[in-house]
Amino acid sequence: MLEAESLVKSFGKLIAVDHFSMNIERGEVKALIGPNGAGKTTFVNLVTGALTPDEGRIRLDSRCIVRLPSYKRARLGIARTYQIPKPYPNLTVLENVMVSSIYAAGLEGEDAMSAAVEALKYVGIYNMADKLASELNAEQQKLLDFARALAARPKYLLIDEIGAGLSVDELEGLASKIRAVAKQGVGVLYIGHIMKMVKSVADWVIVMNEGRKVTEGTYDDIANNEEVIKIYLGEKGAVE
Amino acid sequence: MNAGPLVGYALVVGLLEGLYFAFMALGLNLVFGVVRMVNIAHGDLIVMGGYLAFVLFSAFKLNSLGSMVAAFLLFFVVGIALYYVLVPRLQGSSDPEMFSFIAFFGISMFIEAIATLIFGEYPLSLPFSALLGGSVEFMGHGIPKAFIVMAGVSAAVLVLTYYYLEMTGLGRATRAMMQNPEQSAALGVNSKLVALFAFSYGIALAGAAGAFTPYVFGNIYAAAGTQITAIAFTIVIIGALGNPLSTVIGGLIFGVFYQVLEVFVPSLAYAIVFIALLAIIVAKPGGLLGGEQREV
Amino acid sequence: ISTKKPSVKYITIGVVYDSSGEFASSSMPEYEGLELWASWVNSHGGIYVKQYGRNLTVKVIALNAASNPSTAESDYETLVNTYHVDVLVADFGSVMTAPAVSFTNASHVLLWDVTGSSFKFFTNNNYIILTSLPVSPYFVLYVPGFLHMLGIHNVAVVYDDNDFNAYQAYFLAPGLSSYGIKVVYNTSVATSTSQYTSLVAAIESLHPQAVLELGYPTNDEAFLSQVEASHACFPLVLTNFPGQLLPIFVSSEPTAVNGTFTLAYPPIVEYTPQVASKLGLQWFGPTLPQFESMWVNFTHTSPNFLAIAGFNAGLIIQLAIQDAGTLNQAALKQAVLSDVSGKVMTIDGIFNVTSNGMQVGENPIPAQVFVWPNGTTTVNLLYPSEYANATAIYPEPCP
Amino acid sequence: MRSELRSPVGFGKREAKELAILAAVLAVIFLAGPLAYRNQFFFLSMMIYMMLAFGINMIYGFTGYLPFGYTVFYGLGAYGVYIGLVLGLHPALAFIFSIAISMAVAAVLLPLFRLRSHYFAIATLAALLAVNYLVASSELARWTGGGKGASLVTIYDPNLTYYVTFVLLLVFLAVTSLVKYSRYGLALRAIRGSALTASMDGVNVPLIRGLAWLISALMAAVAGAMYGWYVSFFYPDIFSVATDVYVITYAIFGGAGTLTGPILGSIILSSVYQFIGIYYTEYLNIVFGILLVLLILFMPRGLVDLLNRKAHLRLP
Amino acid sequence: MRRVQSNNPILEVKGLWAGYGKLVVVRDLSLSLERGTTTLILGLNGAGKTTTLKTIAGILPAIKGSVTFEGKDVTHTPSFQRARMGLVMITDNPVFPDMTVSDNIKLAARTGDSRVVQEAVKYFPELSKFLSFRAASLSGGQRKMLAMAMAMVSKPKVLLLDEPSTGLSPLMVSKVVGYVKLLKSLGITILLAEQNPSFISVADYVMVMEMGRAKIFGRAEEVGKLEDVRKTFFQVT
């Protein structure tokens, strides 16, 4: 289990994450939603070690990892994607993915190579394997991010806003892939604003606002929660 | 040695010179900030400004303040020419910062060689009276009046530049163009003109600052450029690259540190200044006034 | 290098110089002095070499090191191994001479060192001769006695962290203490230093009777102009280079240099055939006025010490070749030691080297510089008495 | 259709063959060269520049961090040997001591990697100047010789220096090739692309980049020690910005991040420098200056890239 | 394909081909905007929406074809001049990260007068907390909000808006739809590229792009009903 306990992170006067707690079990998909600036990305940054929390604890299978540098967390099985993709522009797509199959998953030689190829095929950008990552468009870069995260053979996967800009068909495909990944025993935290996506992937939804947890529950609970409608979904609820 | 008055004296001289150092480094910072060019020839341009002041004084007895204005105008034109030769191509390259470093090194070698051919190898210098003779007494020691004039002019240039970048539409457009060229163009910023102006202004500042080098550095010679570039760079990074206000901090720190150290450990003054600079940058990686960057 | 086929018509002189960079200002006049010597010799039909039974003209092969010691190393090797020069003349100063020292010693090529006066080049080295400037210990030979003569008991010393100045300061200390002169301020600064504002104030606060600033030309200039600008009125300021490069100081710092002291060399000090004969020495080469007019024709500038040093190197080489009658390197060195050293005076002064090749003859003379409002100058030679032509105005006139 | 996908990681037969060919080429140049053109120092300095270019390649080519003050390690390499001898060490130990000093300074400078790359570049320049002034200072002259300079004349042996340098050059070539084709090289290039992503992907960025930095510093230190040993007299100006710039230029001209780039860059440019220097002395810096500008404007990715694209070669 | 003819178009694009170097992305596209109307370009990823907008704005050069703005041929006019004439584009990455939020707004308004900032805050109160922050510290969604404020204060005649809703919360999306309505009510002619069909409700016309060509063009109500379009953009899981 990946647990965050009462995390706090502020930037100057602004408290981005404010005593926020949650956990994920392997095999389940949870969604984290909330208005823009709620602190979702900051939370991911805290869990992966890109930022250090001011307060609070993070535990991976009951081991406290809050002091570990991010590369160690990655090797322990925490992988992520980025809201604004950050591939290695100077590396080919294949090389991009191999960095994580080698360093995060700890694979060697042929194994690393085949794990990378497998991830690319799974995500659907294998045909671009020897292009430079900088030649991909924004959406392909998101998929590359996803492939990198998968090649890390993670136990826990934090997906920050992968759907934005994808077509309905692509979203569908992605949703079923995310569910399939979870079925293989990966705990997934899905962050995104496309409620259809949230509905189709998540077993459980957590709502965040101004750094705090507002409520949590099943998709239907959340979609009908007055406060969530007020701060997040708007009068008419989800899209359409 | 009675240290009290000496330290007071060194502080004041350091502040006066520090303002000039900020002026000296300002153009470098601007050129980097605006077009991301690492102008390693900055010091050589300053030296050429110094030569210009020398020539104008020898030929027309022109005061260095006049030479400064002349240098500014002349180097502005030089900046325009340099811009067209270098900047668009370098900006289109895969690593503009590093490649510009090399290109400007070429320019630096070129300037130094030309300067040697024209002005010969001897150091040249100007009497302080070419700016303003005499000195004022402070803490029992004389401060050349020329230093005070120089510091005043430097402060004025710094204020003017700050005003240009932070308060005017042109300055805002300049910063916008640096950060997001496509969007700034789509909002009506004439990027080429803005960049051309800022770059040429930066080069012109180098030339103008040169008019005072004979006083601060004692003399000018073709090979002095490298050392001046190095000092300018360190000043720029103590502050923050691309932030002219911070250059003032860098200049003052450099000036004061150096003068105070010269009182106590002259032989290690430069070494300690540079070590202190390193310590500062390590403690504040973005420079003293650099903001933190959101990366994720 | 030592075996020359009789068919060869000229003597090749290899020299390294710097057309740019920090040593250019000093290296160029030296190099041009050597070139002037070459054309002078050739206009007289060359040098008679007994081995070939006839006169050979000289040909200078000059390589540029652009003030980079590593390039200089390559140039020295190229001159020796590719051009097989008969005579190898070093670049200016110790920094640019250093790369040649071990190489020439190991290759058994005699290095004609013009101004690389570093003390350490001369230990365990059979293939080096310093032709101009005394080796470091002798540089400041007359300074302590001179200060003593003026009744000075305490001095401030500022020197630069480089070979030339550091050795000067190093050998100055025992001299001063032998006269009981106290060093109240003794510090070095980086050679690239050019801001002396607070340093001058620090010295001022100690009220020394004399300030000795031992630097390179850029340091001396900056120091003098700072002393003037801050109106620090020292009774005596002595710097190195006005005595070598006076015209430069006069044109750039006329008021700052006025009244200050220096160590004088030719052309400020004029050595003449009369002086030579008085000392029982043989005069060789042009007199100073002859040299000056040759130089003016050659370069359209007026000569300084370094130009004379370059020319002088040629003269000594010429004497050595004539005397040895061969281009064999060991024979040349032997000729210098046994027949040239201690026997000859040139425009550069007495040529006198120790058996290691250290120059000890041309000791600089303490002098005082006056620049008159009309731009003319007077340099009074002050010490020792056999050279003195005036007495010091001490303390210096203070504006 | 694309040819079959090769793993970017792994040092196999093909890479070993490539390395052997390159080593053979170097052997021909540096063992036969001095027989044809009798200027041993010309070839020695070419090797030294090549070592430095390999070092720059290791840190800049692979990680994108360009140290403007790289020659600080070169100077320390030379001075370390001198200091070692002053301390009374056996000459062999003095060389080891010199490398240890450089490594120690490199380690002290490690926090500079917290800076963004251009800050880093300039900060190392400050380090170069600081060490330069420290070494020159009279305060430490007891150990460093200060302004009076350093002399290694007691261990002067140019031929031995030459062959030792050659062997070490081959070692550096091999190290570069091993790094380039290993997972370590992949990680370095990843760091160059985005250090943040790399650490999120499990790369121990400080360690791996720090190691590259140390290797790079070691290469410079060895180059400096060999230079000092060969010339036997040197001064604090060995810490020279000019040397830096030449090396950086050589490395980038050849092609940073490649195996053949440093070799080609050093051979071609140091020859150009030598020959322009000899025949067009007055105009050396004018010509070299313009040449550099043109190179960078029209051939910025280096010679190896140009040859590979235009002449359809496949230089590693 | 059906074209709607207009007598007095403010912007007219004829036979436009556009792309990147040798890569042609947009083919033979024609379009005319009636004054005061809002036109929505719907298209999947890579359909060429951004490329079209950038070419109209002059950020990319046209390969072939012409762009006429208020009767003047601007095909070869640099983008900054088009912007000054009133043809403004807000890209999908519109902020200046190292400038403060209020400087971002001032830049877009082409004025140094702080009153524009106050005006913008009136419509976008969420931004008021951040006015003196550097835009780089904003969250993904906050940047989009800033973009809308910038669009508003730039006072364009024709506004080209690229995907203003990506990454926004549903509440914000509906707000953005509202903002577009507001801009429209100010008389601004809008050309909007989106994948989110919610914007059909503000649009007068919809153009559907596929593989760089305009596949469908028509009145919003009609296009919104087309089976094809519904299947691509409205499909419910």
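Letters A, B, C, D and E mark the chains in the order given here, with residues in each chain numbered from 1 onward.
Methods note: a contact is a pair of C-beta atoms (placed from the backbone, for glycine too) under 8 Å apart; a residue touches a chain by one contact, two chains touch by 3 or more.
Model, not experiment: these values are computed from the prediction.
A.B. asks: What are the mutual neighbours of subunit C and subunit E in this structure?
C.D. replies: Touches both subunit C and subunit E: B.
A.B. asks: Compared with subunit E, which chain's mean CA position is the farthest off?
C.D. replies: C
A.B. asks: Which chain lies the greatest distance away from subunit B when centres are computed from Cα atoms alone?
C.D. replies: If we average the C-alpha coordinates per chain, A ends up farthest from subunit B.
A.B. asks: Between subunit B and subunit C, what distance separates the C-alpha centroids? Give it in angstrom.
C.D. replies: Chain centroid spacing, subunit B to subunit C, equals 37 Å.
A.B. asks: Would you kindly tell me how far, in whole Å, the mean C-alpha position of subunit E lies from that of subunit D?
C.D. replies: 51
A.B. asks: Taking each chain's centre as its mean C-alpha position, how far apart are subunit A and subunit E in Å?
C.D. replies: 29
A.B. asks: Please list all residues of subunit B that touch 2 or more other chains.
C.D. replies: 112-113, 267, 270-271, 293, 295-296
A.B. asks: Specify, in ascending order, the residues of subunit C that touch 2 or more different other chains.
C.D. replies: In subunit C, the residues touching two or more other chains are 19-20, 161, 187-188, 190.
A.B. asks: Mark out which residues of subunit E touch at least two other chains, giving numbers and ranges.
C.D. replies: In subunit E, residues 137 touch at least two other chains, as defined above.
A.B. asks: Subunit D touches which residues of subunit B in the complex?
C.D. replies: Contact set of subunit B toward subunit D: 32, 38, 40, 85-86, 89-90, 93-95, 97-99, 101-103, 105-114, 117, 226, 230, 233-234, 236-237, 241, 265, 267-268, 270-271, 274-275, 277-278, 281-282, 285-287, 293, 295-296.
A.B. asks: Along subunit A, where are the residues that touch subunit D in the complex?
C.D. replies: Residue list for subunit A touching subunit D: 48-50, 69-72, 74-75, 79-80, 82, 86-92, 94-96, 98-100, 102-106, 108-110, 112-113, 117, 129-130, 133, 148, 152.
A.B. asks: Which part of subunit D faces subunit A closely enough to touch in the complex?
C.D. replies: 2, 5, 7-10, 183, 186-187, 189-190, 192-194, 196-205
A.B. asks: Applying the document's contact rule, which stretches of subunit B touch subunit E when the two form their complex?
C.D. replies: Against subunit E, the touching part of subunit B is residues 167-169, 172-173, 175-176, 178-180, 182-191, 242, 291, 293-294.
A.B. asks: Which residues of subunit D touch subunit B once you look at their complex with the stated criterion?
C.D. replies: Contact set of subunit D toward subunit B: 60, 66, 68, 109, 111-112, 114-119, 121-123, 125-127, 129-134, 137-139, 196, 241-242, 245, 248-249, 252, 282-286, 288-293, 295-297, 300-301.
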